[in-house]
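The following pair of complexes shares a single chain, chain A, combined with chain B in the former and chain C in the latter.
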Partner chain A sequence: MAEGGDVEWELSKENIQPLRRGRAISALHHALSQQQDGLSSAINQQRQAFESELRMYDGDDPLDVWDRYIKWTEQTFPQGGKESNLATILEQVVTRFTEGNKYYDDPRYVELWIKFAENCPEPLDIYRYMQAQGIGVTQTSLYIAWSEEYENQGNCRKADLVYQEGFKKCAEPHDKLLQFHKALQARVSRQVMMNVEEDDSDDEPKEPQRVSLADLKSRGKKKAIAPINRVGSAIRSIPGGIQSHGASVLGNASNSKLVVFDENKTRAGPSEPKLESWAAPPTSKAKENEQKPGIWCDVKMPQKSKFGHTVMAPPPPKPTFQPFVEESDQPPTMTPCKINPAVNSVLSARKPCREETPLKRLQEHHQQQKEAESGKLHEQSMYCKELLLSGATEFCFEELRAERYFKKVTQEVKGEKDPANATPN
Partner chain B sequence: MTSTLKGITLKGSAELVAEFFSFGINSILYQRGIYPPETFTRITHYDMSLQLTTDPKLKNYLTNVVCQLKEWLFECTVQKFVLVITCLETNEVLERWQFDIECDKSAKETSAPREKSIKTIQDEIRSVIRQITATVTFLPLLETPCAFDLLVYTDKDLMVPDKWEESGPQIIDQSEEVRLRSFTTSIHKVNSMVAYKRTDSA
Partner chain C sequence: MTGSNEYKLNQGPEDSISAVKFSPSATQFLLVSSWDGTVRLFDVGSNTMRMKYQHSAPVLDCAFYDPTHSWSGGLDAQLKTHDLNTDQDTIVGTHDAPIRCVEYCPEVNVMVTGSWDRSVRLWDPRTPCNAGTFTQPEKVYTLSVAGDRLIVGTAGRRVLVWDLRNMGYVQQRRESSLKYQTRCIRAFPNKQGYVLSSIEGRVAVEYLDPSQEVQKKKYAFKCHRLKEEGIEHVYPVNAISFHSIHNTFATGGSDGFVNIWDPFNKKRLCQFHRYPTSIASLAFNNDGTMLAIAASYMHERGDISHPEDAIFIRQVTDAETKPKST
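Presenting the complex of A and B:
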């Protein structure tokens, strides 16, 4: 039995992202065996081929290339990650075809959107955006993915509502929508049944309880008590951080010592939070530190003497002598560095800042498009920027030119061959 | 009790293999979500935690199958044991777990126990079940409600018992096949394999 080679996938099973459609085992073996010796040239070549195909394609279904590229990427990089460029490609393809709604109801395009959403920190926002833009609103797969996201977050009611929306829009294929909706209902009802049974079995009053970890005990002389306020099972739905509603915290005796000042509370009394542009900066009535900023260098902390008066410590006298400095001694003005000091513009790849979510970029792109349509755009690139920057990597002019040249050459060769073949027949 | 036992007889081997199938089927049914996860309970066996069904009907069915299987294992007349997962609506075969069984028929004549400790065998079984669990990394998601079926390939001349019927092989066309580990009790050798519908990429 050729078992030796076959266990490879098992050894790195944690590094393989499961795919909805499963993986081709041969591709998986291939990918895993190549992982050890870095990115092989074969993979790089294939990627390059896809990249140039993206740019050179001139048929009427450009999405097809992207679709194949992404599927190839998924199979070739089982662990995902930065190397695969998957997130970049997905964002590119999704943004690219928002112009003109040719693909809005194409199942492949919607599938790509869903993959994109699953790669994003907030998939629900993406689904809402899709709905608002009318992308895939007649596709069952959108509603399934959306509903599953809600279900994963424990919001079964919303998950059900999503399906209702799908029915309203007559999403296709209808059977599939119906079947998944039924499955959801079955799961929910089973859960409810289980909960009822559990409620019957234990009569204990529902009091605050810790989920898994026990109270931390103090060790040695330190009597510090770690504040812990995990309460019930509902705690899971709140993403980590401070609880803003204090009601449950009050029940926990160990925490009552520590009252966290919440400056939002005093302000948010009568007015409801509204999304509007701020006319003026918010009033600072809840601020604690009212002292004006000033010069700090000569200020001393008043010290209490034994008798209770405050005395100022005398300022340290200035040295009356000149410290000796050796003539030859010159303090190093700079730490030695390898970079030529004349070059002061060091470039590094731009990292997207944290607030910049893919959705935000999308919306910006959308905004730009609108502006371009209304003729407001002030910039216009006079080179084929689109071609250079599409895909996951950047091309240079020469690469494009070479692609075109080779295409032409192969066409010419074909053109010469065809008549030659025609004569003997 | 097991530590003192050094060898293994045909009867013991049949029991061990049948037990493996019982746990193996349960694992597959749980892992692949054929039955809802709430209907399973966790137990510890082979020094690992396993999921066993609590559904009374399913339990009864499995016990019957495994009992019959044990008999055939004892007679060394089984060749293959197959678990087929089909789509409930279209009856299309989506996954096929195949366990090839090689019986050493000479064990029927000589009753002398073979030299292989139960611990070693159980270690081998454990790694097979671990691998079954790990297959979720490449198997496609079963999106539709599914049913399962158990097939047993036996020697030709065997009488078909009342509760069994003859069936086709239920093979998936255009399938991807992955060999899993095998184990042997030195009387029965079991080779495992899973076949699933090929992805339409590539």
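Presenting the complex of A and C:
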């Protein structure tokens, strides 16, 4: 078991993104040892090989190359990140094959869409989009991923509805759908049971437990043991009730400000699955910090007083004494430093980038295609633009031509070695 | 179509032409690299081919070190130097992927190569040997030397400015001001800046001095576009060459046109007749009296039938190349 290489992977565990299908340990070792010092040329060469294969492919299953490329990327860049280009490749591949619905029911294509969705800030939007476009609607994997996303967000009801939708569409493989649906139901019911159990245990007459960190000591002559924060049924105002789950576990009035959302309360009746059709793309990314930038110095946090209203901190009073200053003490002289402000500034400010989501780009792509079909184009690029830009990195004409040249050379070499197979030309 | 001021070179390459370069001192010697795997030396005065040497694969670029030595590299990833007096080859070194560009920097006396292996390598031309490998963020598509500075254009529209005397760090990292792939970068002979051309009919004039005053002067313009039946056809701008005396420059596009521009007055000085196919490379000679024009299909629209590859030598006048003083 304990090989020398195992240590290495133990050391960089936190840099490895989990994959649904897991990782080959050999690939992982390889990737980790290679990435000690930046991108090695071997990786670049492999990537270049994939990129050129994407462009040179002339068979009838172009998705295959993309699929292998993406799997290679996942295995080679265990930590994900920008240099893996994974997000770009995924976006390229899903966009590319939306034209013509050749792959709409291909499990590989649906799998790529799901990976793409998982890389997006709003996976649910992507799933809804897929449904509206009819991508993967007969594939079980879509419903599983979709449902799991709902479940992660704590919406078990919708998670269940997604499965119902899957059953309606007769998604394949049916067994798997059934199995995952059962698993979801089991999880949900266990959760409900757990909640009930907790309450049950509360009902039992137990010794009141203290919440406070230290024991309460009796003071003076009094031998009182009160008041203490107690939990358990002893302090329940309503005895023997299951009415309040979750809330007021800490049973203290001052803590009751914290309202725990309870989905079981919002029982809005078994409405029809609200799997609305795709209307408009989501407007903005999930931004973490929406605060407007501003000056930081001289800004004070408004502080709450004991009585709950906002007070400004009073200005610090001026010291009534004269601070002692040594006579020889002089302000530290700055080292003369010639800073040319013009040189330090950026060459040109970055243009305000448009708020773009992958979905928005997808829709724009559709729009452009429609325009191109209806002949509304005003500009035409006089070169094989598609080929140059079809991968995650761009190619130039010379690279494409070089690929064709190398292909020809290897064919010739093969032909010479094996003259029987050489075509008489 | 060729007039009295223009003629076609005899014994030209048998496949696409990748680069044409004039000798730094003698006005009549022209080096030509080609996809047929050869580098040829022409005497354009007498319209004869003086010499030819072979690589094992297509050659993508060539450069003079001095009037008697040429350097070249291509798809075989080998950098060769050839003694044009004794007709002898030396393999100087290799890259990990095909070599896309070869240039000489007289100020620092170093040869510079750029490759699709994402590196720029320097070579000491006297020994000759490798003098350093410098990783670039992407595949190198074009490079140019401005005094002791090196301007590298890579895939992903990146532009990097290096100081050839101190290659410890990148002096400037820029993004191309054009929206599409960088095709060619050439530095002003006055070393103030460079001109960058893109794959979609656009050219940018940029300055190296990062101060805001100077940066304000930069601009870009559209060119090499043809309007046909209401649709604007946009062509790649493949080649740029500077006139060493006037600091004006010629651009060549896949539309087959050659334009000469005055970057100071932002004017086009002239446009020549349309050449049979794409302009792959351009070169002014050292005194600016001749322009070598390589009209050669670059497979930008795939492997289709195309006119014959040819090199034209055109006598140019001051009227065509000198900025109009206003």
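Criterion: the second predicted complex is superposed on the first by the 253 of 425 C-alpha atoms of A that agree within 3 Å, B and C clash if a C-alpha of one lies under 4 Å from a C-alpha of the other, contacts with A are read in each partner's own complex, and residues count from 1 in each chain.
The criterion applied here is as follows: a residue touches a chain if its C-beta (ideal position, glycine included) is under 8 Å from a C-beta of that chain, and two chains touch if they have at least 3 such contacts.
Here the structure is a predicted model, which is why all the values come from computation and not from measurement.
Visitor: Between chain B (first) and chain C (second), which, if any, makes contact with A:C384: first, second, both or neither?
Guide: second
Visitor: Touching A:Q75, do we find chain B (first), chain C (second), both, or neither?
Guide: First partner only.
Visitor: Regarding the shared-chain residue A:R23, is it in contact with chain B (first), chain C (second), both, or neither?
Guide: Only chain B is touched by A:R23; chain C is not.
Visitor: Touch check for A:R190: first (chain B), second (chain C), both, or neither?
Guide: A:R190 contacts chain B only, not chain C.
Visitor: Contacts for A:K370 in the overlay, against chain B (first) and chain C (second): which applies, first, second, both or neither?
Guide: Neither partner.
Visitor: Touching A:S41 in the superposition: chain B (first), chain C (second), both, neither?
Guide: second
Visitor: Output check: A:A402 vs chain B and chain C. Expected answer is one of first, second, both, neither. What do you get?
Guide: A:A402: touches chain C, not chain B.
Visitor: I'd like to check the shared interface: which positions of chain A are touched by both chain B and chain C across the two complexes?
Guide: Common interface on chain A, chain B vs chain C: nothing in common.
Visitor: Applying the document's contact rule, which stretches of chain C touch chain A when the two form their complex?
Guide: It comes out as residues 18, 35, 57-58, 60, 75, 96-98, 100, 116-118, 135, 138-139, 141, 155-156, 172, 174, 177, 181, 183, 199-200, 210-213, 215, 230-236, 254-255, 298-303.
Visitor: Please name which positions on chain A make contact with chain B in the complex.
Guide: Interface residues on chain A, with respect to chain B: 1-3, 6-7, 9-10, 13, 16, 18-25, 27-28, 68, 71-72, 74-75, 179, 183, 187, 190, 194.
Visitor: Which residues of chain B touch chain A once you look at their complex with the stated criterion?
Guide: 36, 38, 89, 130-131, 134, 136-141, 143-145, 176-182, 191, 196-202
Visitor: Help me check something: in the complex, which residues belonging to chain A touch chain C?
Guide: Residue list for chain A touching chain C: 38, 41, 44-45, 48, 340, 342-343, 345, 347-348, 377-384, 387-388, 393-402, 404-406, 409.
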